[in-house]
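What follows is a set of structures for review.
What follows is a pair of complexes built around chain A, which joins chain B in one and chain C in the other.
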Partner chain A sequence: MIRVKQLTFSYTNRPFICSMSFDVREGEIFGFLGPSGAGKSTLQKILTGLLTNYQGSVLVNGVEVKARDRGFYEEIGVDFEFPSLYEKLSARENLRFFASLYKKSRDPNELLASVGLLQDADKRVADFSKGMKSRLNFIKALIHDPKLLFLDEPTTGLDPSNARRVKDIILEQKAKGKTIVLTTHNMYDATELCDRVAFIVDGSLRAVDAPRSLIMAKGASIIRYTFLQDGKEQQREVAIDRTGEDELLQQLLKDNRLLSIHSSEPTLNDIFVEITGRRLA
Partner chain B sequence: MKPLLASFGVFIRQITRDNMLWAVCFAPLLTALIFRFGVPYVDALLCAYFDRAVLLADYYLLFDLWLCLTPSYMACFASAMVLLAERDENMAAYMAVTPVGKTGYMLSRLILPASLAFFFAMLLTHYSSLTDWDLPVLAAVSLVMSLASTAAALLIFSFSRNKVEGMAMAKIASLLFLGLVAPFFLSSKVQYLAGFLPTFWAAKLAHEKSSLYLFPALVISLLWIGRLSTRFRRKLC
Partner chain C sequence: MRLWALLRGDVRFQYKYGFYFLYMFLALLYIGMLSVFPDGWRERAAILMIFSDPAAMGLYFMGAIVLLEKSERTLDSIAVSPARTHEYTLSKLFSIGVISVIVGLTIGLVGGAVKITIQFLVGLLLCSCLFSAVGLVIVARSVSLNSFIISTVPVQLLINLPAAAWLFGWQPSWLLLHPGVSMMQLCMPNRPVLPSGVILASWTLAAWVIANRTVAGMFKQIGGVKL
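Up next is the complex of A and B:
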């Protein structure tokens, strides 16, 4: 669906994105993870045709982005990080307007209901809260039922229940065979939603793989347990693949003296720090 | 064509929902009424008071030029304000990733309003002018006024961060129209110092009734538009 080869881009004389190459397969959720200023949003601007003065090749849906025409956008939905909505129009009027730009469109009411905005459909967007604007902005990207979705921080500013709704819709879109490019610095969203993630730091890719593979390849899970010794609570930990060698743990299990036991896996953030030496947030 | 018309439709809708911009649309009609009936009346009063045969009549053409400019400038001022509001709402960049595209966005926000204003300026000047106009001269002058106003809209949008700054920039951009007065008040070659302003050539065209001035008028207007368009497109992202 997306093929990027030797992409280089610069805002000034110094390259901002250097010789980047990657593919996004049809029907997958592909995440770009990186700290602020890493180049994620610039990359999204290049993939969506907002920036075209790049070197290298960027094929999106079989079209070189530099040579795109208006038809290119019939199959692409974009959700920018910051809401782009007409504040003086109502939510329904906004969706109707955006639907009118495309050859095909979905029912605005169905979309509004999917994110819990149907009862506010006729309210002016200027009177919406930040979270309501984020949800409306998100469904705006789905109004023409595109094959490819670019989502930039879709759950930012949402409370947990609405973030869950949005994530469920993203997973529904994937189930329908849509390809989704997710830009985020939220490692939990990336781990939950993405089939593969790319770590971006200083305009270059440091790793591309499935979140689970990255986690398992870089660090073993650990078991932490607590027990009482001389009247005081003690804590020990052991790698999950070495539990058989931990005689104390065996003994505590046999004597039923464990107070608590938890497994602890490294997070994507830990892996990101290990690979790139930088923090996500 | 459908996305372009939809985009133009939402442009009109934004103007109708903004009291100031809605009022701006009626400014040319008000100007026409004042110039058509007010100026000759004031002129007659002044002539009687100062006991002169002619006072403002020598400048009736300047009033006509001003009238011809008003629809284009008001339309382009409204365009610039809508563009700035849309930029605040992140709409300008978003439109670029829809079938409207950057070019379609420019067409629906600048070229279409300026084109409509061109026809309106011709009609308004034809029916409300204080002097007699040949149709080709009127068409040429209206065209240059539309192009100069488009340059002013680009200037306002490109150098302002929001509507408040846009209002201030609109005052600076109106200096582009100072070229109108040069041929009327500067008889020597000094007047050509205003030659970098498209409106100077529009005034020369109307004043001398010579189509020779159309060429520099178009070249200067397009140079302004070309230079400012690059900045405009960069600002859209």
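Up next is the complex of A and C:
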């Protein structure tokens, strides 16, 4: 669905994105992870045709983005990080207007209901909370039933239950065969939703793989346990493949003196830090 | 049809943001003012009012409309939709043109300035589209309402002053090439219609072509490229 080869882009004289190459397969959720200013949004602008003065090749849905025509946008839905809505129009009027720009469209009511906004459909967007605007912005990207979705921080500003709704809709879109490009610095969303993630730092890709593969390849699971010593609670940890060598743990188990014991895997954030030396948030 | 969809969207936007209410109020104000003019002055005053306001409203309104779209980031969504630049600009020109014609025709009829309706309407619509296109060129490069207003001042002087001078008797022949004068020629009876129509249409077309280029640049700036 997307094929990027030797992509280089610059806002100034200095390259901002350097020789980037990757593919996004049809029907997968592909995540771009990186700290602010890493180049994620710039990359999304290039993939959506907002920036066309790049070097290299960027094929999206079989079209070289530089040479796109307006028909290119019939199959692309973009959820920008910040709401892009007419504040004095109602939610339904906003959806109807944007739907009218495309050849095909979905039922606005069905979409509004899917994110819990049907009862507020005729309310002015100016009266919406930040989270409501964010949900409306998200379904606006789906109004023309595109094959390819670009979602920029789709769960930012949402409470846990609405974030869950949005994530479920993203997974439903994937089940329908849609390709989704997710830009985020939320490692939990990326781990849960993405088939593959790309780590971006300073305009270059440092790793591309499935989140689980990255976690399992780079990090060893840890066991943490606590116990009492001289009346104070102490904590120790040991790699899961070295528990047999931990004599203290053996002894505590034998004496039934463990207060707690947990296993923990490294998170995607831990792996990101390990590979790139930078933090996600 | 996408142009029709954009046009309906613009009309709804202008209605919701109170533009129509504002112009209904201004039309009533102008009509009230015309009623106090003596009969000999009324026609000329009506033409000057129409030229400097309903016909020119696009110059001022385009700033408010596009800066609102910029602040609400709806231009971002339009930039990644199938809407073409010329559809976007035509929709803006026509939506403002409709109000210009309704308000201008009302003032013209009350002031007794409408002699040949079709000529009057064509002149008014072309002039409105010209001002709107110039407004689009200015607002596409403006970052705030203040910078937009400051930039419109020289344009207003360039268009309004020669036209007003013509209306009040300073009429060198070369001034017939001026778009404002062409509009007045079209609106007044017993004047050469075809040359004025061609001159005004040419100015309007040229301004629209430049507006398309500038708006295309504005859409690129959404991507962060400085042009």
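Heads up, the rule we're going with is that the second predicted complex is superposed on the first by the 277 of 281 C-alpha atoms of A that agree within 3 Å, B and C clash if a C-alpha of one lies under 4 Å from a C-alpha of the other, contacts with A are read in each partner's own complex, and residues count from 1 in each chain.
By definition in this document, a residue touches a chain if its C-beta (ideal position, glycine included) is under 8 Å from a C-beta of that chain, and two chains touch if they have at least 3 such contacts.
A quick note: this is a predicted structure, and the numbers were derived from the prediction, not measured.
J.: Quick check on the chain A-based superposition: chain B and chain C, clash or fit?
T.: With chain A as the common anchor, chain B and chain C collide in the superposed model.
J.: Which partner reaches more residues of chain A, chain B or chain C?
T.: Of chain B and chain C, more residues of chain A lie in contact with C.
J.: Quick check on the superposed pair: does A:Thr179 touch chain B, chain C, both, or neither? Answer first, second, both or neither.
T.: A:Thr179: touches no partner chain.
J.: Tell me which partner A:Asn53 touches in the superposition: chain B (first), chain C (second), both or neither.
T.: second
J.: When the two structures are overlaid on chain A, which partner does A:Lys45 contact: first (chain B), second (chain C), both, or neither?
T.: A:Lys45 sits against chain B and chain C alike.
J.: On the A-aligned overlay, A:Asn269 touches which partner chain: chain B = first, chain C = second, or both, or neither?
T.: Neither: A:Asn269 stays clear of chain B and chain C.
J.: Using the superposition on chain A described above, determine whether A:Gly71 touches chain B (first), chain C (second), both, or neither.
T.: Both: A:Gly71 reaches chain B and chain C.
J.: Would you check which partner chain A:Thr191 touches, where first means chain B only, second means chain C only, and both and neither mean what they say?
T.: The answer is neither, since A:Thr191 touches no partner chain.
J.: Both chain B and chain C contact which residues of chain A?
T.: 45, 48-51, 70-71, 73-74, 76, 78, 80, 82-89, 97-98, 100-102
J.: Please give the residue numbers of chain A that touch chain B in the complex, ascending.
T.: Result: residues 45, 48-51, 70-71, 73-74, 76, 78, 80, 82-89, 97-98, 100-102 of chain A touch chain B.
J.: Taking the touch rule as given, give the residues of chain A at its contact with chain C in the complex, in rising order.
T.: 11, 42, 45, 48-53, 70-71, 73-74, 76, 78, 80, 82-89, 93, 97-98, 100-103, 140
J.: Applying the document's contact rule, which stretches of chain C touch chain A when the two form their complex?
T.: 2, 5-6, 8-9, 12-13, 16-17, 72-74, 76-84, 219-220, 222-226
J.: Using the touch definition from the top, list the residues of chain B that touch chain A in their complex.
T.: 2-3, 6-7, 9-10, 13-14, 17-18, 89-91, 93-94, 96-101, 104, 237
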